[in-house]
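Below you'll find a set of structures to go through.
First chain A sits with chain B, and in the next complex the same chain sits with chain C.
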Partner chain A sequence: MNKDFEQQLRDALRPVDPEEGFEQRVMARVASEPMRSRAKLTRWAAGLALAASMAGVAILGAHQWQERREQEGLEARRQLLEALRVTGEKLDVAYQAVNRPSPPPDDESGA
Partner chain B sequence: MKASEAWSPDELLTRASAGEPAAFASLVRRYQRTVFSIALRMLGDRHRAEDLAQEVFLQLYRSLEGIGSDAHLAFWLRKVAVNRAIDRIRQETRYENEPLTEAASVVEETGDADPLLQRRMAELVSQLPPAARAVVVLRYQEDLDPVDIASTLDMPINTVKSHLKRSLTSLRARVLGTAIVDDIQPSMSEPSR
Partner chain C sequence: MNPFFKHSIVILCAAASLLAGASALAADGQLKLPNFDLLADKASESVSITLDPALLGLATRFLDPAKPEDAAAKEAIQGIKGIYVRSFKFEEDFAYPKADVEMVRKQLSAPGWQQLMQVRSSKEQQRVDIYILVEQERANGLAIIASQPREFTIVNIVGSVDMRKLHELEGQFGIPKLDLEEKKQ
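What follows is the complex of A and B.
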């Protein structure tokens, strides 16, 4: 009885076909969808744009870092030159002081 | 014979996934009966079933890249069709108040079986609660075993078995009840002598 009942249920629930032209109606709806290839292209382009913007940010960052290093280098060079200039001046002063002819000694025997 | 009919199911899927319309149309032909029948038994109305079945195939079109094999495709279509049907029933909340009777009149004639009994059984199935109805449809229409039903519906196996047992008991009682009433009614209508 149980098996018969289950078989009767199978018979009652036998699959049925949709109305004629179902496939064409589905394909018409599919045709109104955005193109799959366009969707793929859009995804690809979005990925590319993201990668490009990340690369741009990285390049800009590297450029700014390099520029800052160059500025620091120039400043260090300027300070070194200034230090050398000051040192040179001091040395000149010292040199002149050393080489200045000494005043003639007072004539103590001065008659 | 169309060229697409010579392709193997997995080749069809690969070609459809690559954007070949003929391959996708062939997939629709191959599975329209399954998807439409699930929708019809769940919703009980040919027009709503057709609309739901079309939506399932549209969703398939958008999701083809995630489907790896023909077996996966069959599983995916059943799962999406049943889940969409249950969602629609819940949105409409009609099943409690309005018995779904059209599905009862849609039975495939099988020759030796009693068409009236078949109609009555299909009608009773369409009156089961949505989850139980889905289990019965997948078991007796799609011929899935309880393990596959559990996987399709994301339902514990014991819940599937419980739905099957209770639904069969209820259906049997109601079919027998109908038969008894049918037996009694003619004798009641006989003129008394």
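What follows is the complex of A and C.
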């Protein structure tokens, strides 16, 4: 039994020549490893750049929207004050007309 | 269904919705103002202001309470839902279509509108009419129509108009203190 086991071990550990092209395959794989890392890094960088540019566009858009909103708000405020001014002006005309002292009765009789 | 009935129902529905729309228009105090765009080209001065609830809200946010004028305006527009102003001045007499002004004046004969003041000056050919829309003993709208040979102004304020607050605008926008009880017609 011990002899059999020894034989099996010997068979298993006998030197075997690698398959044809093994060396090339190993060398090719070794050469491609840095390329893979570089590609991975490039993809990350591209993703980051895209995210950053999207964030930049979003911030710029938000800033422009806020600026436009502020302009609209200031314009609305100006219009409101103008509307109240016109309203006041016309109420003033009515007020003055109502409060104008009526001519004395003598004037009406022509005396 | 009989086509005659079908058409009648459609016409009735359309009429009902038109009436509902018209009454809603009167109810909320907003007048239907004519399109004065072409008139603005003829006018030497023109003011066309349309402040709907959204714009009025926006304007309110930009009022600076530290400024007396802004603070007074903020106080005055509380409860107001819209302000519409059309004002035109011309170089010559009656360059504006009187019919347009009359069309607005006509809307003020709708139920709810009451004439608060009427001023006629034959010397200056000036006419100022002030109306309020009274709903449940509250002024829910204000309309001013002022006309002279060379100018006319229409002001329509929609919403709860507090005349006392208009009082408080005295000195801010040239609005005098109005003794409304005494002058009311």
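Here is the rule we use: the second predicted complex is superposed on the first by the 67 of 111 C-alpha atoms of A that agree within 3 Å, B and C clash if a C-alpha of one lies under 4 Å from a C-alpha of the other, contacts with A are read in each partner's own complex, and residues count from 1 in each chain.
Quick note on the criterion: a residue touches a chain if its C-beta (ideal position, glycine included) is under 8 Å from a C-beta of that chain, and two chains touch if they have at least 3 such contacts.
Computed from a prediction, not measured in an experiment: that's the story for all the values here.
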- Query: In the superposed arrangement, does A:R85 touch chain B (first), chain C (second), both or neither?
  - Reply: second
- Message: After the superposition on A, what does A:R77 contact: first (chain B), second (chain C), both or neither?
- Response: second
- Message: Is A:Y95 touching anything from chain B or chain C once the two structures are fitted on A? First, second, both or neither.
- Response: second
- Message: Which partner chains sit in contact with A:A58 here, chain B, chain C, both or neither? Use first/second/both/neither.
- Response: neither
- Note on the structure: In the complex, chain C touches chain A at residues 47, 49, 51, 55-56, 58-63, 69-70, 73, 76-77, 83, 85, 87, 117, 119, 121, 126, 128, 130, 144, 146, 153, 155, 157, 166, 169, 172-176, 178, 183
- Message: Please output the residues of chain B touching chain A within their complex, sorted ascending.
- Response: 19, 21, 24-25, 28-29, 32-34, 36-37, 40-41, 46, 49-50, 53-54, 57-58, 61-62, 64, 106-108, 110, 113, 117-119, 121-122, 125, 136-137, 140-141, 143, 168, 171-172, 175
- Of all residues in chain A, those that touch chain B in their complex: 2, 5-6, 8-19, 22-23, 25-27, 29-30, 33, 35-37
- Task: Spell out the residues on chain A that touch chain C in their complex, using ranges where they run on.
- Result: 69-70, 72-74, 76-77, 79-98
